[in-house]
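Each of the two complexes below includes chain A, the first together with chain B, the second together with chain C.
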Partner chain A sequence: MKKPHYLFSSGRLRRQHNTLALERATGERSPDDDPTDEGLPSVTPDGKNHPFPVETVDSLYIFGEVDINTKLITFLGQQGIPAFFYDYYGYYTATLYPRESQLSGRLRVDQARHYLSPKRRLVLARAFVESALFNIERVIKYYQPRLSGDEQLTVQKALLDLKRDRDALPLTVDIPTLMAVEGRIRDRYYRLWPYFLGTDVVARFPFNKRERRPPSNELNALISFGNSLCYTTVLRQIYRTALDPTVAFLHEPGDRRFSLALDLAEVFKPLLVDRMIFRLLKTAELTPKHFEKHLGGCYLSEAGRKIVVGHWDERLSQTVQHRTMNKRVSYERLIRLECYKLVRHLCDPVGEAYQGFHMWW
Partner chain B sequence: MPFCIAVYDVNQKRTGKMLKLFRRYLTWVQNSVFEGDLTPAQLKHLQQEADVLLQDNDGVVFYQLRDERYVERIALGVDITNRSRFL
Partner chain C sequence: MMTTTNSSKLRIGGMLVGYYRLCPRKAWLSMRGIWMEQESDTVALGRLLDEHSYDRSDKHIEINAEAPDGTPLVGKIDRANLKNGVLHETKKSRSCEDAHVWQVRFYLWLLTRNGVTRSDGSPFRGQLDYPLLRRTECITLEPEHTDELVATVSTIRALASQETPPARLLKRTFCTKCAFDELCYG
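Showing the complex of A and B:
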């Protein structure tokens, strides 16, 4: 089966004998925004050449400083391998998205039609928010019984608020309100995190509020990095379907980004990203030394990124028993199934309406 | 996930061709020995492509295991194999 490959080393990635090969570099890379940088490779590929089987590559995650050329781009395009690039600080910067191979004009028209009709668009946007909130609730409910005293009461109260907001969703009439509801709940939810993480972890990683651009502390850095992994994973699955990743329903279909991936990622973040963060911090797999401060922000170090990505990869292949399909499916597969559900909703207006993914465990 | 070990013995003139072909699908272990996970369809592809290259007294042997869990791999001396997806 094809699987994602993660490139942490720097060097040159190239097509060699119709397969992929990474010529490793041995030196230390310099930051992308180094004032003396002329845009040339800061390391030379003088290390070992490492060919790896292209037929088993599903996608490439490039965290190192890697040189590529058009021959490689052409090759990746032919093989249908998307590549995701991250900068020196671990920020997601770009996707090399191969020519669409799974095209369906009918679906594209349907997708645009659902976007253009405010009523239809609202139905979908609401479904995304609804299932995102449901999954957040699931995460909270998991931790609630483990708390005691005041903490439990606060969580209880937050849970009630969340439920009230979720019940009021059908009354929302426009997208900005939906976004506001979602944002408010996420905000409240993040404020509960110190309780979930426990005093030990909070002593090491203080956290009070979600901040981006740049992430202000370790936890914010972790959330940002986790979300970007989630986003690319969803995009990878969308790429395998005929959906157009730029036409979204909850987020505004903007330029320069794949908004549909943002919509779907919203649903899976609580399940995949948030639980991963709790796990990594509670087991102390990540410690403060895995973070670095740069330019007024906080970022994961390379070693930290490796840990997170390794864990992420493992998590995606974990399976759960699917209720209606009556077989075990991996978390990654769940995302693909979500895409198919969306396709069905878009193509078949009289059939069952799209219902976002709800965690059932 | 099916696990596969492939071994070929071909005329010197064709070792290069074989190496290039097998590297696309599997990880190189030693001269003319490869291993890796492949789906049944991928394995079929590889076998067909290899079959085209064969001439005279050439031969390829595929060992297939139903799952990698059934493999116990012991390497003595130098083991250059790196099957990690984290490069």
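Showing the complex of A and C:
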């Protein structure tokens, strides 16, 4: 079984015959050894190799300060292993995306055609927003019965607004309007989070609004980190298909290099990221001591990141009974199936129109 | 008339003919360059079998031919015993046997169209080998098979220029074993 490998240690990652090996660095990493551009190795390896068989590696997450060379990049490319890099603060910085093995010229042309035609593009963009909203609604409804009094009323009102917006989606005429609807819903949804989290959690983690660059408090840091995990997970699923990750429909190709992953991530964030955050905070697996403040921003500490990543990895392998396939599929596999649905739509937009993933449980 | 560049450049191979026999949709998807990632254990097993079952000599002989309608045909033959005039094709299980049989008939047809015969002038025979099951099956090419292959080639040509994929198979018994299952039904 191939699995993503998460490397928290710093060191030198290299190819050793047909395996990957990490030589750990001596000494700790600190924000002070931030990018100096002297072209020198940034770590002093301890000379001990920790090999791991390449057959077990689906993708690499590199959270430490790691030196790599061309041979390693070539090797990862041959093996079809994408690598995701994070900086000292746990900010996603880059992806090493190997040359694609699953190429279909015709599908690529179809994908571009759907992007270029405003009508076809809108159909897909709408479907992404529609299912994102549906899944948000699902999360809200999950917590709603546990609330009372004013909170209950506020949530009810939010649900009504949400439904109105969702019903109005077929009338949206362009992408910016769709984006605005989505943004508005998310804002409204985030404002409900303190209710879902409960007074205990809120006392530890005050939260009022979503702020990204830099994340202003713990919850914002957590959302940013979770969203980046979702993005890379989607990206590595797209990699296993013939889809072109750079051509998206809701997002612009300029939003990020692999904007198709942003489109699909919208659909899965409520299930994968948001519910993970509630879980980690409500069970107090994450506490304020897992966060650090630096230069006006807030970041997950390494220990905090380990907890989140461990939980994330476990969550992805959770399974549900698929409604039409007559078998259990993991959450991660659901993302792959979503890619396939998109392929079907691109081949036959009328007969096999894309229906975004709706949480059915 | 098939005039799109798409179908005029189309080369039809034995695997495609086999796919078509199983499911036209599978043939259409694979002609589009849409392949399913080979990640299941059974596929890996198939590859291993292919690489290690027999000695590598006489393997993967490529033959080319032209169908009566001008469609270029190509076959990669697993293994051939030239002395006895037998073509071999190795498979791991008999689950898609009809496709295997037609694949071999297709190769026999390619030989005929190239004028290749046994030393006594009779046509080559085919053999399907299932080493895991310790079974073999003999295949011959009768005139009605040739007619059917001619028809299949022109249908595949038409299929290639079709904008949208053919419908999924109605009976899903085969689909559950098909690599495209998740692509079709996921």
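By definition in this document, the second predicted complex is superposed on the first by the 344 of 361 C-alpha atoms of A that agree within 3 Å, B and C clash if a C-alpha of one lies under 4 Å from a C-alpha of the other, contacts with A are read in each partner's own complex, and residues count from 1 in each chain.
Going forward, a contact is a pair of C-beta atoms (placed from the backbone, for glycine too) under 8 Å apart; a residue touches a chain by one contact, two chains touch by 3 or more.
Predicted model only: the values in this text are computed from it and were never measured.
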{"item": "First (chain B), second (chain C), both or neither touched by A:Pro206", "value": "neither"}
{"item": "First, second, both or neither for A:Pro176, with chain B first and chain C second", "value": "neither"}
{"item": "First (chain B), second (chain C), both or neither touched by A:Lys341", "value": "second"}
{"item": "Which of chain B and chain C A:Asp313 touches, first, second, both or neither", "value": "first"}
{"item": "First (chain B), second (chain C), both or neither touched by A:Pro118", "value": "neither"}
{"item": "Interface residues of chain A shared between complexes with chain B and chain C", "value": "none"}
{"item": "Residues on chain A engaged by chain B in the complex (per definition of touch)", "value": "1, 3-9, 17-19, 22, 50-56, 306, 309-310, 313"}
{"item": "Contacting residues of chain B [partner chain A, same complex]", "value": "1, 19-20, 23-28, 36-39, 42, 45-46, 82, 85-87"}
{"item": "Residues of chain A touching chain C in the complex", "value": "2, 102-107, 240-242, 322, 324-326, 336-337, 340-341, 343-344, 347-348, 350-352"}
{"item": "Complex interface listing, chain C residues touching chain A", "value": "29, 32-35, 37, 39, 164-165, 176, 181-186"}
